[in-house]
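Shared between the two complexes below is chain A, which has chain B as its partner in the first and chain C in the second.
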Partner chain A sequence: MRNQLLTLAAAVLIPGLAFASPVAPATATVTLTGSIGNACHMGDLSSSQISVGTLTNSSDGTLAAISGSPNTTITGSWCNVGSKITISALPMVAQGYSGSPPSGFTKAVNYTATESGWGAPTPSDTSQGTTSGADSGSHSGSADVGTAEANTITVTLSNFTAPVSGSRLVADNNYQGTITVTLTAAS
Partner chain B sequence: MLKYTLAASAAVAAVLALSVPSYADNSASITLSGTVVASCSISTSTPTLSLGNLATDATTGDVTAQTISKTGTYSAFCNGSSNSATVTATALTYQGTVPTPLAGSFANKINYNLTTTGLPFSGSVDTAGTGSASVTGVGPFVVSNQSIGGSVNIEATTAPALAGSYQGSVTITLTAGL
Partner chain C sequence: MRLTRTALLAAVALLAAPLAFAQVPQKATITATGSAAQICTLGAPQVNVGAATNVQSVSGSTVMLSDLADDNSFSTKATDFTATFAAMCNFNHKLTVSSDYNGLWLVGGIGTHPGFADAVPYQATFSWGGQNGSLTATAASESEVDSPIDVNQPAAGNIVIHFEVDQGATNGGNGVPLVAGTYQDILFVTLGAQ
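Moving on to the complex of A and B:
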C-alpha cells in the first residue's frame, strides 16, 4: 500500500512521469503455521462412588455374591489423537480394622474392574489384595486405541473374591477400594 | 517496512503455535465401598451330653462330689474386633414329679461347676452361684468342629437325691461387637 501511495505522489508531482512504464507492485506472502498438541480430556463421572452394600453372608461370614454388575460411566471424554486407556483396581479394604486379621479371616476383597466404550479391546484389572489388606504389587490393564476418540467410558465391576477362598471377612462399616482410569495421548 | 511486516507475521505464527492448551485432567478416580456387619454364629453337633449315672453315697444316698470330663463338638465364628461371650449353666434338675410330702427330705437339684475350654476364651460357671460368666474383648475367631468342653465338677448334695432323670443346660452365647 505504501508503495502504491509513493507511486501516486510521484505521478502528481512529476507529470512527465505520469505515463511512464508502471512499476510492478511488490507483494509478500506470509505463511501462518500452527499446531495442535496431542491431548486427552477425561469427562465427568456419573458417580464417583459405587456402593455394593453388605459384603458377607450373615450365616457364616464369608463373602456373599454381589448382585448385579456395579458400574459407573464417564461422559464427555475425548482424545484428539490415538490414546492409551489404563485402568487399575485397588482392593476393598476394611478401613477401621487395625493390624492383620487372625487366620481364617481377611480384611480385603478383590474384584475385577473392566472398562468399555473406548475402542477395543477393553482393558481390565483385578485387584491383588492379601488377607492383611495390602495390594500385592503394581498392576493395571491397558489398551491402545489407534485413532482419536470421543465417547462415554463405562467401568463395570465383577468377580468379587476373597484372597483366600472361604475366608471370612472381619466386620467393618467401611470397606473401601479405588479404581483409577487414565487416558494418555499417544506421543 | 516489508521486513517489519514479515517479522510481525512471524510473531503471530509463533503465538498460534504456543496457544495449544495443555490438559492435565485425564484421569478419574472411583471409590468403591461396602460394609461387613458384625456377626457371630455357633452350632453344635452334640446337643446332648450324658453324664451317666452319678455316684451316690451308699449310706446316705447323697450325691458325692465327682468330676466328669465331657466334650461337645462345636462350630463357631465371630467377625467383630471386640466380641463377647457368655456361658450360662443351669443345675441338673429332677425331671420327675417330686412327691409333695417328701419334698424337703430329698434333693431334686444337683449343682456343678465347669470351665469351657477349646474356644479363644474360657468361662467358668457355678450353678450354685450366678450360673453365668462373661468374657469381653474377644477378637475375630473361627472354630470348625472343635471339641469344646472340660471337667464337670458335680457338687455333693446334702440330702439323698431322688432317683430318676436329671437335666441341666450349658449355653454359650456369642455377641458380635466392633
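Moving on to the complex of A and C:
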C-alpha cells in the first residue's frame, strides 16, 4: 500500500518528465536470517514397563530361562543433526527383600538391554548387579549416529543371568530394574 | 519502520526459544519387572548306615532297624542314626518335624500286656538354616506330635535329623521287655510358609 501511494504521487508531480531519460527504479534488499539449533526429541514409550514375568525355575529356585524377547518401543524420536544414543541398564532387584541374602541366594538378576532402530551400530549395556543387589559400577553403551535421524527406537532385553551361576532367587513379587535411553545432539 | 523491525526481532526470539530447550539430552526411563515365586524343595532322606547304630537297611524313605529289642533283656536296644534331606526355601519359612504316633508303637497291638511294653520313645534333634530344634516322642499316647522352627531367611543345604533311641526306653518303664511284633512310627518333615 505504501509503495502504491509513492508511485501515484510520482505520476502526479512529474508528468512533464515523461519525455526525459528513464530513471532506474529504486530497490532495497532485506535479508532475513535465522538459525536452527542442534536438537533431539525423545518420543513416547509404547510402555514404560517391560514385563519379564516369572524369573524362577520352580524345580530348584534358580533363574529360569526367559522366553521371548521382552521389549518396548519409543516412537516419534528425532534429531536434526548427528547424535549420540546411550543406553544403561541397572539390575532387576527384589524390592521387598531388605539386606543381603544368605550364601547361595541372590536378590538381583542381570540382563543386557539393547537399543535398535536408531542408526548403526546398535549399542547395548549389561547390568552388573551383585547378589546383594548393588550394581558394581558405572557403565553404559553408546553409539554415534552421523546424520539427522527420525525413527522408532526399540529396547530389547536378553541374556538374563544370576550374579553367581546357580544361585537361587529370593522370593519376591516385585523385581525391578531400570533402563535409561539418552539422545544427545551433536554439538 | 522501527516498529516493524522490533516486531520481526520479537518473532525470531519466540521461535528460537523452544529449540534452545530441546538441546538438553533427552531421556527415556524404562522399568523391567519380574517376580520370583515362593519355592521350597525337599529331597529324599539319605542315611549313612555304616555310621549308624542298630540300623539294618534303608529302602527309600523306610529305615529298618536291626533289632529293636536286646537279645537278653528283650527291652529296647540303643539305636541312633542320622538322616539328611537336601532342601531349599527361597523365603522366610517354617520347618516342622512331626511324629505320627509319638513313638515307635506295636503295629496291630490290641489291649494291654501286663509286664510288657508296646511302645518305644525316642528323640530327634535337627538343624536347618542356622536353627536347631528337637522332637521328643514320649510314647505316652498314640497321637501326633509336632516340632516346628521358624527360619527367618531363605535357606539351602541339608536338613540334618539325628534319631536316638535310649537303651531300655519303653512306655512301660525303663528296661521293661517289649511285646513281640513290628514297631513303627512315621516322621513327617515339612517345609512351608510360617
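Basically, the second predicted complex is superposed on the first by the 159 of 187 C-alpha atoms of A that agree within 3 Å, B and C clash if a C-alpha of one lies under 4 Å from a C-alpha of the other, contacts with A are read in each partner's own complex, and residues count from 1 in each chain.
Note that a contact is a pair of C-beta atoms (placed from the backbone, for glycine too) under 8 Å apart; a residue touches a chain by one contact, two chains touch by 3 or more.
What you are looking at is a predicted structure, and each value in this text was computed from that prediction instead of being measured.
Three-chain overlay on chain A, with chain B and chain C in a clash. By the touch criterion defined above, A:V155 lies against chain B and chain C together after alignment on the C-alpha atoms of chain A. When both complexes are overlaid on chain A, the residue A:V145 reaches neither chain B nor chain C. When the two structures are aligned on the shared chain, A:A28 is found in touch with chain B, with no touch to chain C.
By the document's definition of touching, neither partner reaches A:A108: not chain B, not chain C.
In the superposed model, A:M92 lies in contact with both chain B and chain C. In the superposition on chain A, the residues of chain A touched by chain B in one structure and by chain C in the other are 32, 34-37, 39-42, 45, 48-56, 58-61, 70, 72, 74, 92, 94, 101-102, 104-105, 109, 111, 155, 157, 168-185.
Contacts from chain A toward chain C in the complex involve residues 32, 34-42, 45, 48-56, 58-61, 70, 72, 74, 77, 92, 94, 101-102, 104-105, 109, 111, 113, 153, 155, 157, 168-185. On the chain B side of its complex with chain A, the touching residues are 1-2, 5-6, 9-10, 12-13, 16-17, 19-23, 25-39, 41, 77, 79-81, 139-142, 176, 178. By the touch criterion stated above, chain C contacts chain A in their complex at residues 8, 12, 15-16, 19-20, 22-23, 25-39, 41, 88, 90-91, 153-157. Taken in their complex, chain A has these residues touching chain B: 2, 26, 28, 30-37, 39-42, 45, 48-56, 58-61, 70, 72, 74, 92, 94, 96-97, 101-102, 104-105, 109, 111, 155, 157, 168-185.
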